[in-house]
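Before we start, here is the structure in question, set down as structure tokens.
Should a chain be cited, it is by its letter among A, B, C, D, E and F, assigned in written order, with residues numbered from 1 in that chain.
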């Protein structure tokens, strides 16, 4: 699990999230909570989950009031059980109440992704690396990809710029896999070349072009197994399309290297977390 | 359903989403697709869903290349069946392929929220207004709240600034509902005052303070019904906490005015959409 | 008077104000004042005024040089007499001289608003709440609204998003008050509904629609009194349009709840403040 | 009067002003005004004034909805009488109503500055150039300085970077005018050197150092006249401090070159403008 | 040579460059050039060079005044001789004169990089691909890398995120090449792995770890040749460190794949270009 | 040499430079370097140079990890010999390696400008002030102008806003020097007026208009000497156009005041600097 998340990745996001939530001011808290009232509270998990984003939550409190002390009790990547405390916050009550929702919104979303990633990682049983995709919720990709790693997954290319992935539409434009790969090679790029294939013929074409990775896209189980045999170590193999936890478990031993799953980032339900006041 | 979504709400978000996806450049497309190749494609729904965010998708293509023509075939709030075309795009192939993922990422996420909202709205059967909450994915609140309206829901306060919601922690700090409400009134605010209550005693305290809305938080069905009888029209009533579609259906006729559901925005699965090239 | 002003409200504004004043550099100070010269100075009021914006002034010095020590001697909302010290600054002379004008520009403008607000609040004698409007100097609304509170006023809606105010043009488009209110109600909004009325008939129409607040716009004193009698507690009443200090004093006891005055924010003269070096 | 105002000066400001006013949306207009309703209206002056900022107002409407047609009937720097139309807008009613306040807030503030500048320019009767100062409302300096020119005034340095102005505190740090000027000269700067003087001795010291401009700061009328005689054309002379329209009229023929007045920009009351629907 | 440069890459940069040059206004042009004066001028090359950045120059004129017509006569990547016209501009004279310097500053810098790149590409004679490095002038990397391609070069990784390059300090921390490569492999990354080697032993260690690319760093010619023989096709080879045009020519046939040169981007002299008014 | 560089000048630039280099993350360092490994290293000069930008380099390390200790051993404006240490950094190895390139990119570029400036300053031998121009690399003007001062040069106007420079195209539009100067004077500006002249007749015309500075543009040596005699102290004289170090040495005693050289900022080669790990 990653040992750091760079604050420059999330500081602007937290600032914008606070801006959209607090706007011109937390009118309820401003009216009710005097500046000198202090509070201690814990972020508590109400479910079994993998935590991700503790430092992002910390930042939300710190940006609202640097006087709030935030102590993390779980680190990113660790597993919480219902009732476990993820962190405690103590300090000016007003700031804690104002920052609460923004902190939790980040933490529950990122932990949701980490938790989902881990389900797939466990299904893969170490025999397939679990990759994310570019199907992320807009604006949060860096955090989402970090959360995937917290859940034990591996990051596929971050965007369109750090990996070559030749998809069906590229192949159609080029008039074939061979020509598409040739055009990429002609740029002299140092990046690895991956090609999407949905039939065994396309797998053969990709192999003939000497690509680094073949993505088996939306194949049924039987075709997947045939394709892996066909590749026979001449390229790395990525499974993609319609992957459920059950199917990953079933295909884990098929001999592929990677499985990529969009749902980890685009459809992970939020983890149920809450902020509970700690008595005296 | 809303008849417009202001572009200033989403232009910056689309620009940032493109920046995180395209970064220094779509290396695959730049290598393979010449500038003069043109393409026509359709965004197709692979599920029954409520569409939201068509103009956001349009913006993604327009920002990448203003020469791309985007024709919407569904309007926000309309229902699509599997196989339905949501929109068509035609123009320079390179720009279409570069913008595709960003456009779909917005559209599948917002349509997911609208679809989820509508499930609850249908369960409520017109007897309860379905509200969203502030439990939104950070950075996307304005769009998420718009998607809720596309699904037939109603927006609760947008943030901490456009509504008074006195929660348990505020009450604890103030030393009681009466004092909390008094402090809010003392500011002279024109905003309506809502108080969270989790017991019948708290409902009574709220009513005694003359609040505008009482939120029945995490009560069981029986207590909800008792609380509604207790309120007896002296305030509007909002149900909140652990609301599922089934429970909303069950409580629809209980006499409350609103039900608020965080999961609509924090846990809506993405709708399955894809971009398909149109032949000829 | 408010007990805090969130730094996120003004940090960007102070940074931009410094940017527009200092630009590529304070050429005079850079040439004349060595880095090791220190200075002590006081911000002195040359008029009777209500102070607002002390922390904004502090920020201007802090952003130019964190080594400058700023000690506030007046808090926002307090009244200064000519010759009173508002704050002292001590530290590197260069930074103090560079930041001086920006700090004073904020402080003199915000204190001007607070001072103007207080004149109206005193005229209202506690019988009318004094509201600001959206007629603020662009870019400074949050600070202007804060200054109004420092002067004892109350904030009307911050913008177009946190309150419903149905004005004559809305009514004209809808074809009448009743239809306009109906359309707003149909959105399910939780916000209070205010309607502008300039005749007694319009007041009646607003009351018939059950609005929360009636704004009596540009009525003469006699009509105001008649309208208040007509409303008779069925809605809150706001006076608006052409309000001078004298007129507010005259109408204070007319039975209305609020008076709103654009001039507090759009035409408040700056308070005369200066930075005076402290000997020895 | 200036024949253009660069849009890059104000586009960001208008965008931010709209953001602070419209925020997540104009809830009243969204509820009441259908997208297909159109409106024609005029911006009407309710006072005698010098207009400034027509293009800024145009931008506010254009940013909200590019379909709004804005026709200016007055140009910046021209004089309007009560009842005169400054501009007309026509197009989608919703956008016009949403943009109205932001457009007017800019126009009434800038026209206020231009109007105030012109009062001083008329008092100076062409014998003194009327300068603005750096005492501007934060964030709006470029627009404020433009408005001063619309009123017939002349811009003093824009900020600390485009002019040398040696003030009393600089002189104190340097240990005298001569040394302060020497230090500035040593930088090799091409900028003109102005020195603040509040006594005749200080005027002499400035002249002895060969400065380009002497600022007579807070002198009484008699001392001003003596100082001008003393300078006797060896430098340009600027009057500053406590300048009212009457005093400028009185000192216009004293032989100075410039008079600078902070109140033009920091205390100009807004001009009364309104948006009136045009029938038929 | 690249057939497009995405405007989103440079629009912000051009806007900021204009802001730093024009600031509060081009005072000379505003004073002298009336708004209705028109001008036609040509951007002329005073040297033999490879052009890069034509669209960036176009943007500078367009941002200052969209009414300026810019016609490119050379495309990026083409070679100009002294006296050749790169582009013509015609339209409002004021805008042309204001934008001139910013447009030329971009064009002369980027063309300088392209010209320098081409010198190396010609020296390499098609036997080595000429790579850029991360040694770029801050803020301009995307444009600099584009200019390299215009000159016939190939882009090495854009930043620290789109390629693995294990340098001496990484190896020292890991305790050896083998362990460093193992740690990278353990992340599951799809990116190619490059290792820096400055001795033949280090080359062997890199090969033993199965890396994709070996960078021969600061080796003398003889060692380079020995290292290439040692690699013998088991990895791609990049030459780096102290590469001059002469040395690239000498090593072109040594059997390596790439040569990377920091000076192309960090020390390319500007191409001499000027804007000349076109008569009649 | 300047005794300070304001951090607000460079903080945003460093942040953007880090963003373009680090992007979504330094994948090599993240994989190899554990968070608890520490490193000490020195920035070493490999050439004789004038250092500029030490605080900018410091900022790069500080933004990546505030725990990195940066100790400067040379101050801006001082001269380094090959092997001299400019600064040391010690702290978390990961952050040091991630920030290294960005820090060096700034330092090597700015020191390159300072070094180039000093060559010209030495050639001028104190008899001519060496000015920079507006021919700077876009986005870095403030830093570039600072580096010029570090090298002993003097800053010409920063942009189009802080100096009047009437060039040939302005004169052509106005129809002559006299009219161009008259138009500038009519604005009442306090800025000095400089006119470009390329013949002795133009010098005469400029003098007749009483300008403050005459720029002798692209004249040969003989004409320069004649022009200086012609001016005879009636204006300051700036030499410009095609100035090499040799020519500056030759013309140093010609009697002009300034020489301006674009190449100092647009074509200064980077100084060779490297980061070397310090043993034990």
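Just so we're on the same page, a contact is a pair of C-beta atoms (placed from the backbone, for glycine too) under 8 Å apart; a residue touches a chain by one contact, two chains touch by 3 or more.
Small disclaimer: the values here were computed from a predicted structure and weren't measured.
The minimal number of chain-to-chain contact steps leading from chain B to chain E is 1. Traced through touching neighbours, the fewest hops from chain B to chain C number 1. Copies chain A and chain B of the same sequence differ by a rotation of 180 degrees once their CA atoms are superposed, given in steps of 5. Measuring from the averaged C-alpha position of chain D to that of chain F gives a distance of 33 Å. One finds 52 Å separating the Cα centroids of chain C and chain E. Each chain gets one centre point, the mean of its Cα atoms, and the points for chain D and chain E are 44 Å apart.
In whole angstrom, the spacing between the mean C-alpha positions of chain E and chain F is 22.
For chain E, residues touching at least two other chains, in rising order: 22-25, 30, 141-142, 158-159, 161-163, 187, 189, 191.
Those residues of chain A lying in contact with chain B across their complex are 13-14, 16-17, 20-33, 37, 39, 41, 93, 97-98, 101-102, 104-106, 108-109, 112, 134-142, 158-167, 169-170, 172-174, 180, 183-184, 186-187, 189, 191, 262-263, 266-267, 269-270, 277. Contact residues on chain B toward chain D in their complex (touch as defined above): 2-4, 6, 8-9, 141-142, 145, 158-159, 162.
The part of chain B that touches chain E in the complex is made up of residues 15, 18-19, 22-25, 30, 34-35, 63-64, 94. Every residue of chain E that touches chain A in the complex is listed here, in rising order: 129, 131, 154-158, 161-163, 187-192, 194, 212-213, 236, 258.
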